[in-house]
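Structures given as structure tokens follow.
Common to both upcoming complexes is chain A, partnered first by chain B, then by chain C.
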Partner chain A sequence: MKKYLEIAKIHFKAQIAYRFDVAMTMVFTISKILFAYILWDAVFGQNETVAGFTFPMMFSYYIISSFLYQIEMSDRVSWEVSARIRDGSFSKYMVIPVNPQRYFIAQTLGAMMFYPLFIFASTAAWVVLFRVKLVIACDTAVIAAALIMTVLGLLFMIQLNYLLGILAFRFQDISVFLMIKGNIVAFITGALVPLVLLPRGIVSVMRFFPFYYVTYLPSMLLIGRNKEEALTGIAVLAAWLLLFTILNKYAYSKFRVMYDGVGI
Partner chain B sequence: MMVYRLSFFGATFVDGCMFIVLILMFNAIYSQVDSIGGWSRGQATIFLGTFSLLNAISMTFYFFGVVGIPGKIKSGELDHYLTKPINPLLRLTFENIDPGSAPLIPLSIGIIAYGVSLQNMTSSPGTFILYFVFIFLMAVLFYDMQVILRTIPFFVISATSIEKLEGTVIELCMRVPGVLFKGMFKVLFYFILPYGLMATIPVQIITNSASGIMIAVSAAVVVLFTALAQWFWRFGLKHYKSAGS
Partner chain C sequence: MEVQGKMIIQAKKLSKTYKLFEKEAGLRGSIKSLFNRKYIYKTALSDFDLEVNEREFVGLIGPNGAGKTTLIKLLTGIIAPTSGELSVLGYYPNNLEYAFKKQYAVVMGQKSQLFSELSAADTFLLFKELYGIPTDEYQRNLDYFVKLFDVEKLLNVQVRTLSLGERMKMELIVALLHNPRVLFLDEPTIGLDAVAQKQIRMFLREVNKTRGTTIILTSHYMEDIKSLCKRCVVVNRGEKIYDGSTDALFEKYQTHKKISLSFSEATDFVLPQGCTLVDQNPQKCTFMVPVEASREVVYSLIQQYNLRDIIIQEDDIGSVVERIYGDRQVKRS
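Let's look at the complex of A and B:
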């Protein structure tokens, strides 16, 4: 465990070298907030409530979901793992005394830890600038459930991206697939629109899958809605996390023999 | 190139999927409301199809050429283009035509046709001709913006953040119809970073909601930005240091 903590620390410190990237990440948080503000301001100009949301609630949803979406940086795991498999530099993870999956979890969490404060600061600045009243839940149990779900969601997304990354052992070039995945994940996690706007039947099916609980449900909980789903959400997400831990172990042991270390 | 079929049609899969996701997003919103800022579901669908068409034209004909300009400036490889007896910008623009992106064009036209059927409108052949004239003009404007932003590396070391800015603004403007921009945002996305104009004006033309003044102003913006792109490119070339060669 200690060695993974050290890996996380190193990657946390490494972010300091990319100060400009951090600054740009902060500035670009405005994109999703501006999108929500302009689009929903027009929608609420003609309607008082939409799917049970008022404008401050809807805007709060986007502020929170955009914050969660920005700190979820697991995308880089699939890109890095697949690139390293393609260029042959994945060999180093096979020879050093670490479990590659845990290494990438530690690496991503280390890098992720650096950003929340900055993204929070920039998000807060945009909220003040747009002068919108935030709607936030006051129930500590609900906030705790949302935080647990957020952490589980981050871990699940890292696991998912690791699995996609190691598919490069088998399929070599998976970049197109990863780009498509990015668009689909943004939609099914509720980062584009709250999932409650989708037909009820589709939402019911989505509840069996983990993406519902990664961004959407924590955001809804934090604006004081869907409280009754909190415990089920944690249970479903934990089950998917366990499943992916086993699946990743199996996939790695099956696919690693296909690796020929090209590029060394 | 056909050996790697998935990569060859990569842009088609990725961008096609992106626009389908955006259609689903607008459908989700329109399932709750009848209009967004006065725009119906049909208009919003034509808007997405039009943006997709502009993107398809860009990806097929010039994007993969223009996108390489910063790298060639940085490495000094631009020398090879300057010493050849052909306009360097013309060669850079069309040297990487990507037929793999071409299927996006019929896909976009399909989205537009679907939007037109939803809109249940009657437009004269002249309106359709004007629509396609403006598609051409907006494709030129899209190209102008790409050239302007990729000419900046003549003056700075890294253009990563400029490309990030471009991506962010395009992402915003393909999700938000231009008619929704108000005040300073309208000025910003119509006249400074005119991505807000690109799909909006053709949609207003085809749905008979564009004013003559707005059509004229949009055409003027295209002319202005084309002149600016040409001037900025030549100005950049004067500052080219040929480093790395």
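Let's look at the complex of A and C:
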């Protein structure tokens, strides 16, 4: 366990190596909130509510979901794993005493670690300086459920992307798989549009899939809505996580023998 | 007298065949390959036998594509053999067991374990945890290698700003922190200048001698092999064509020296008897001379021509391999 903590630490250190990058990330985070404010202000206009959301509720939803979307950096895993398999540098994970899958989990968690700091700082700035109202759930059980769901969601997404990445052992090019996954995930996680705006039938089908619980449901829970779905969400995510853990173990042991390590 | 340890690497009839995708050039070839995919099979290693004892320093030499890197990849478990038996430190490498991986290290000249954005010291700390090295042992090893390489001032410098030679020193320290029993080195001196090459050689010799680390080294540089490895294995087209004393190999097969002359003015150069011309123009000339005649030839050239420069080089590895290969073909026929 300690070695994976060290892997997370070194990737966190690499993430904050350049001051300009760090500063730009902060500027980007703050400006994103500004654009969202302008956009939703225009959408609401004179209306009190849109699709059952008040303006502060919608704005809070946007801040929370975009934060979760930003820390969900698992995309890197599939791109990096597949690129390393193709150029032969995946060998470096095979010759050290680590489980490559856990290495990438630790790496992703390490890289995302510093985003929460910026998000909290910039959100606090908006709330204090511009007196923007934030709607946050008061129930600690709901907040705990949302946090557990967030962690399970992040782990599931890393597992999914790792599986897509190691497909490069078998297929020369996996960019089509990644493109399809990217489009589906962006839509289903509700990162673009709250899912309540979609037909009810589609949303109920989505509830059997994990993506609904990755960004959308934790965001809704944190603004005090959809409490009744919390336990189901955790159970569904845990089941998918378990399934993908087993699937990855099987796929890695089956596919890695196809690796030629070309390029070294 | 040097004491050799027990056998720690054993390969019997080891073979590796790669399946390669083949496509005709041009647009037509690309479209055709969508419907009718062709594969070819390339044997990178064939019926290869190898035995290495603990504490040995073995050189693996051969031209590009000979199978040296494939052999290193098989020995470290990166790839699985197509057929044959293989045991390294009592393990089947491709099972990738942690207990096995903790006993060896591999340094690949063009692939790095260092984090370029961070300092080498950060990577050292990571490897301390990866290998579960106790703090006192880690500190002892680090102090030893840092002193040996004289890199104390570079420890906290961002890796990307280090020179190639400095980076290779750091790579070697990373690899050796956990006291591996076997060290695999794939072209560790590639691209380095003469000074850095010499330092790396001194370091490797010291590690082999004082720490008893078994070292398997592939290199294109004759000097690496000659100065470090008592034993060398020559690989060509996936086959082992020589396995024995390095001195005997070079004595028998390094039969020529390459001489390059630069003239002060345009010169009508006459090739000395028994020499083979490689390249010639009025300002320069390069030719091969038999080793036993080299002294005499150089002496007479200095007397005879107005020379601006003269460079004398050893036969390269490629020529030596060609001669061994040719010799084997003759014996077979």
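General observations
Note that in this section the second predicted complex is superposed on the first by the 237 of 264 C-alpha atoms of A that agree within 3 Å, B and C clash if a C-alpha of one lies under 4 Å from a C-alpha of the other, contacts with A are read in each partner's own complex, and residues count from 1 in each chain.
Just so it is clear, a residue touches a chain if its C-beta (ideal position, glycine included) is under 8 Å from a C-beta of that chain, and two chains touch if they have at least 3 such contacts.
Keep in mind that this is a model prediction, so the values were computed, not measured.
Of the two partner chains placed by the overlay, only chain B lies in contact with A:38; chain C stays clear of it.
Touch criterion met: A:13 reaches chain C, while chain B stays clear of it. Contacts of A:232 after superposition: neither chain B nor chain C is touched. Overlap of the chain B and chain C interfaces on chain A: none, as no residue is touched by both.
Chain contact summary for the complex, chain C toward chain A: residues 18, 21, 69, 73, 76-80, 94, 96, 98, 101-102, 104-106, 108, 110-111, 113, 115, 117-118, 122-123, 125-132, 158, 186. Residues 4, 6-7, 10, 13-14, 17-18, 21, 24-25, 28-29, 31-33, 35-37, 161, 164, 168, 171-172, 175-176, 180-182, 185 of chain B touch chain A in their complex. Residues 2-3, 5-7, 10, 13-14, 17-18, 88-89, 91-92, 94-98, 172, 257, 259-261, 264 of chain A are the ones that touch chain C when the two sit in their complex. Within the complex formed with chain B, the residues of chain A that make contact are 20, 24, 28, 31, 34-35, 38-39, 41-43, 45-47, 50-51, 173, 175-177, 179-180, 183-184, 186-187, 192-193, 197-199.
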